[in-house]
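Look for chain A in each of the two complexes below; its partner is chain B in the first and chain C in the second.
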Partner chain A sequence: MAMDSNGAVETAADVRREISSLEKAKAQIEDRISALQARLNSYGLEDGSEKTNCSAPPPAEDLFSGKLSADMIYRYSRHLLLPSFGVDAQANLLKSSVLVIGAGGLGSPALLYLAACGVGSVGIVDNDVVELNNLHRQIIHSEAYIGRSKVESAAAACRGINSTVQIVEHKEAFRTSNALEIMRKYDIVVDATDNVPSRYMISDCCVVLGKPLISGAALGLEGQLTVYNYNGGPCYRCLFPTPPPTTACQRCADSGVLGVVPGIIGCLQALEAIKVAGAVGEPLSGRMLLFDALSARIRVVKIRGRSSQCEACGENATLTEQQFCNFDYEKFTQTPLSTSPLKLQLLPPEARITSKEYNEINKKGEPHILIDVRPAHHYKIISLPNSLNIPLGSLEGGLPEISAALEVNKAGDNSRDSSLYVICRRGNDSQRAVDCLHKMGFTSAKDIIGGLESWAHDVDPKFPTY
Partner chain B sequence: MKDTRVQEPCKYIPEKMVSEEEQKDHTSVKIKVLFFARARDLTGMTDMSLEVSPGATAHDCLNELISKFPGLEEIRNCMVLALNEEYTLESTVVKDRDELAIIPPISGG
Partner chain C sequence: MRLTLEFGGGLELLCNSVKIHEVNVDPEAEGNKLTMKNLLSWVRTNLIKERPEMFMKGDTVRPGVLVLVNDCDWELSGQLETVLEEKDVVVFISTLHGG
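Now for the complex of A and B:
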């Protein structure tokens, strides 16, 4: 605690509040600058000049080689000095446009490099807002943007690095209803999404519109990268005509991901996009790069060519724009396009209690056993006091332990039977566990609706979430 | 298939020198299997060695793997199968010392 100049008592909370309010104001000013910069750039376009550094006087391009302005020569000099890249590839980059779908773990580094390297126009599609648990890997976003649109945040960061690049904001989810309209304007597409239906949708859209697709993915400690639909190469459906079962589809929010892994894959996506846009080197078409972070191994596997049987790009395939628009990707993959977690409804209401009800039971000191069925490494992060960790996968083996715990409680309080409650992270696995316990004879078992997330939301706001 | 796994000292013969006849003389073919992504979760391994009968195809190897790890059935229809770092059809006959990679797609980002 300290006294401020007015003699009032100032607390750490006051300082934090002030910092937070100043940061918000700063972000708003940055946004306005970005928007003005973009407007300024569009003046340049209307003048009929190239998309150049419009904050400077109109460059006297004709005086030089005719391709790059003086500012551009200086900014991109290290590219120009590369014999295998040079002025031609840089000029190709400046003329190209790249659409990055997803401004998350993969999109963050991809966007930063694409903006920095001088791609003429970069489009960003995302519908999410920045959250604190994104920041360990989604390095384009900063704390000041928490709670705000990822597209706005990413666009501001890109403009901050290179104001000569045209940044186009698409603050919407990529859906069949808007996909064609958005993608049509770009030369190259970068898939930086995080779910299966989007991957099929984006690949199909690229086939329909004839765009090369730079596809990257990362989960846990592994990453994958390939270029689809390029120079007669395969599309996503050629490789994976049948979508994976939902059990095989894992999300970073459930399985975890080491932040730098999508970072590496996202950088490689930028690299492949630059190669395709600059028309240099051998893009990773017909090959797939597999990155294994723990063993520090990168393998490149030759994958199949275009499949003549492919329903999207095969010989007899006639995927039209209309068919694409009518295709139900969520139904096809049995997975929702939105990343919101599953809300299972397995148990009847009488076999469930809310976190608030459980809190009451706990406060009254009613004898009970609380089983936490999350994996052990989740339990280590945070758990409720006096809970017993028996992961769902080893529930059957843990039955004697549950019986023993119930017996101990019974011995302590002869008058009543001990109740059995089950909790997990979000309230899905706890239902599966209770269902299983009922079948094993523990008919009184109940699950806590919404799991620890609802505990943190409804009972104890200080309880950590992850 | 399990009872055909006779342990025989594995002598190195350069690939080019092995004629079809000699291959048939081997009582078993030993390959290395690499697991990626979901296949690692399902098997709990990154790689393993697998012995199959001479003439066994990639398809046979997959069936053998699924019998060892029934969970792999989950990704049976959605994977890239690569033999010695190249795309392969399931009908391809595997040779001694081949490397078979099972690569299900990752969708996270």
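Now for the complex of A and C:
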């Protein structure tokens, strides 16, 4: 708390409020500037000074190359100078349209390059908002856009780079109910999503509508890339007819991801989209690129061709638009389309306490042991004082340690038995651990509902979340 | 028979986080041939340290795992019946979904 120049009392909350309102104003001004910049660029000038040859109406299309305007020739000159790309491929790009589903780690660089290179029309689908913990990898977004729509943020960045490209904003989740309508208008689809049901849904939609699919994925320190449904090549279902078990589907929010890894895969997705749109080179169809960042190894492997048995694109497949619309991808993959984390309900209410209740117990100094069952590298990021780290995976081996800690507490306060509480990041693993402890005789063990996230939310707002 | 086995896409977590394994596998008695089927059961016994259900389902790999023999999808070489040769490189990779 501090006094301002008028003598009024100013609190940290006041300052935060003012920062947030200024940031909003700043973002609006930046939007306005980038829109004006785009208008200025459409006059054909970057320095703003008037030059008659540029501000004049664009010359008749056939004046120079037969296809490209003077501005376009100048803007894309380094493409035109490539003998294997040249005017023809650039003209193909300018006529083409690409739909990028997901404006996250993969979509960010893919969108920047697709807009920069002059794809005629670029669609962006996402229903998420920009968060601070996105920015280390989702490089299309900036701090000014935190809390705002990813699609708006990405569209503004794309327009800032190339005002001559049509950017189409789809601020909605990609679902069977809108998929056909959205995708139909585009020539090429880039899958930059982060979950299994979306991957099946996008592939099936591409099969139904006959669109090539540039598919990328990244997690941790590895990435994968391939082109599906292109020129008689396989679709996603040809490769993966059966969905993986849900336990095998890790998310960046749980397992982590090195920011540059999806960046590299997203760039390669842009490259493959440019090759397909420009009709040059050999797109990565029937092959898959596997990238291992730690060992700096890239391997391109040959994968199976289109499967005659495939339920989407095989010989006897009859996947129609109607069947696609009625297909339940969440049920098929046992995974929700939204990326919100799992909320497990494993324990009875009497085996659980809230973070506020735990705070009271702690404040009263009631004897207890707090076990944190997160992996050791999570515990290193941040932990509650006096908690004991025994990761869920090594809980059985840690039982003697728990017994010993309980004994020490008991010796200190003979009158009561020590309580045993278990905490984790979000309150799922803590329930699994308590369930396990109950079975091993620690019947008084309770879990803290919602884990450290609820501690930060309900008890200590300054406690870091990740 | 000397082989190089590689695990990726998270499958390495099932074998002590080691990605590359240089191994020596004895062919089964019948005809001195080593098939992928033999190799899978050898891997399960000798390399997989935890959660074997994350690697195999029945007598083959679980859904979502690609198997590559010398950089080629095993679908193209006969899946479980693929006959391995000295110095072959076999890659097991779990498909990723993140982005």
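Just so we're on the same page, the second predicted complex is superposed on the first by the 410 of 466 C-alpha atoms of A that agree within 3 Å, B and C clash if a C-alpha of one lies under 4 Å from a C-alpha of the other, contacts with A are read in each partner's own complex, and residues count from 1 in each chain.
Everything below uses one rule, namely that a residue touches a chain if its C-beta (ideal position, glycine included) is under 8 Å from a C-beta of that chain, and two chains touch if they have at least 3 such contacts.
Keep in mind the model is a prediction, meaning the values are calculated, not measured.
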Chain B versus chain C as contact partner of A:Gly263, first or second or both or neither: neither
Which superposed partner A:Gly123 touches (first chain B, second chain C, both, neither): neither
Which of chain B and chain C A:Ala248 touches, first, second, both or neither: both
Touching partner for A:Gln224 - first (chain B), second (chain C), both, neither: both
Doubly contacted chain A residues - partners chain C and chain B: 102, 104-107, 192-196, 199, 216-220, 222-224, 239-240, 242-245, 247-252, 255, 257, 262, 288, 290, 292, 295, 299-304
Chain B-touching residues of chain A, taken from the complex the two chains share: 102, 104-107, 192-196, 199, 216-220, 222-224, 239-240, 242-245, 247-252, 255, 257, 262, 288, 290, 292, 295, 299-304
Chain C to chain A touching residues, read off their complex: 8-10, 19, 53-54, 62-66, 68, 71-73, 75-76, 91, 93-99
Residue numbers on chain B that touch chain A, as the complex places them: 36-38, 40-41, 46, 74-75, 77-78, 80, 82, 85-87, 101, 103-109
Residue ranges of chain A in contact with chain C within the complex: 102, 104-107, 192-196, 199, 216-220, 222-224, 239-245, 247-252, 255, 257, 262, 288, 290, 292, 295, 299-304
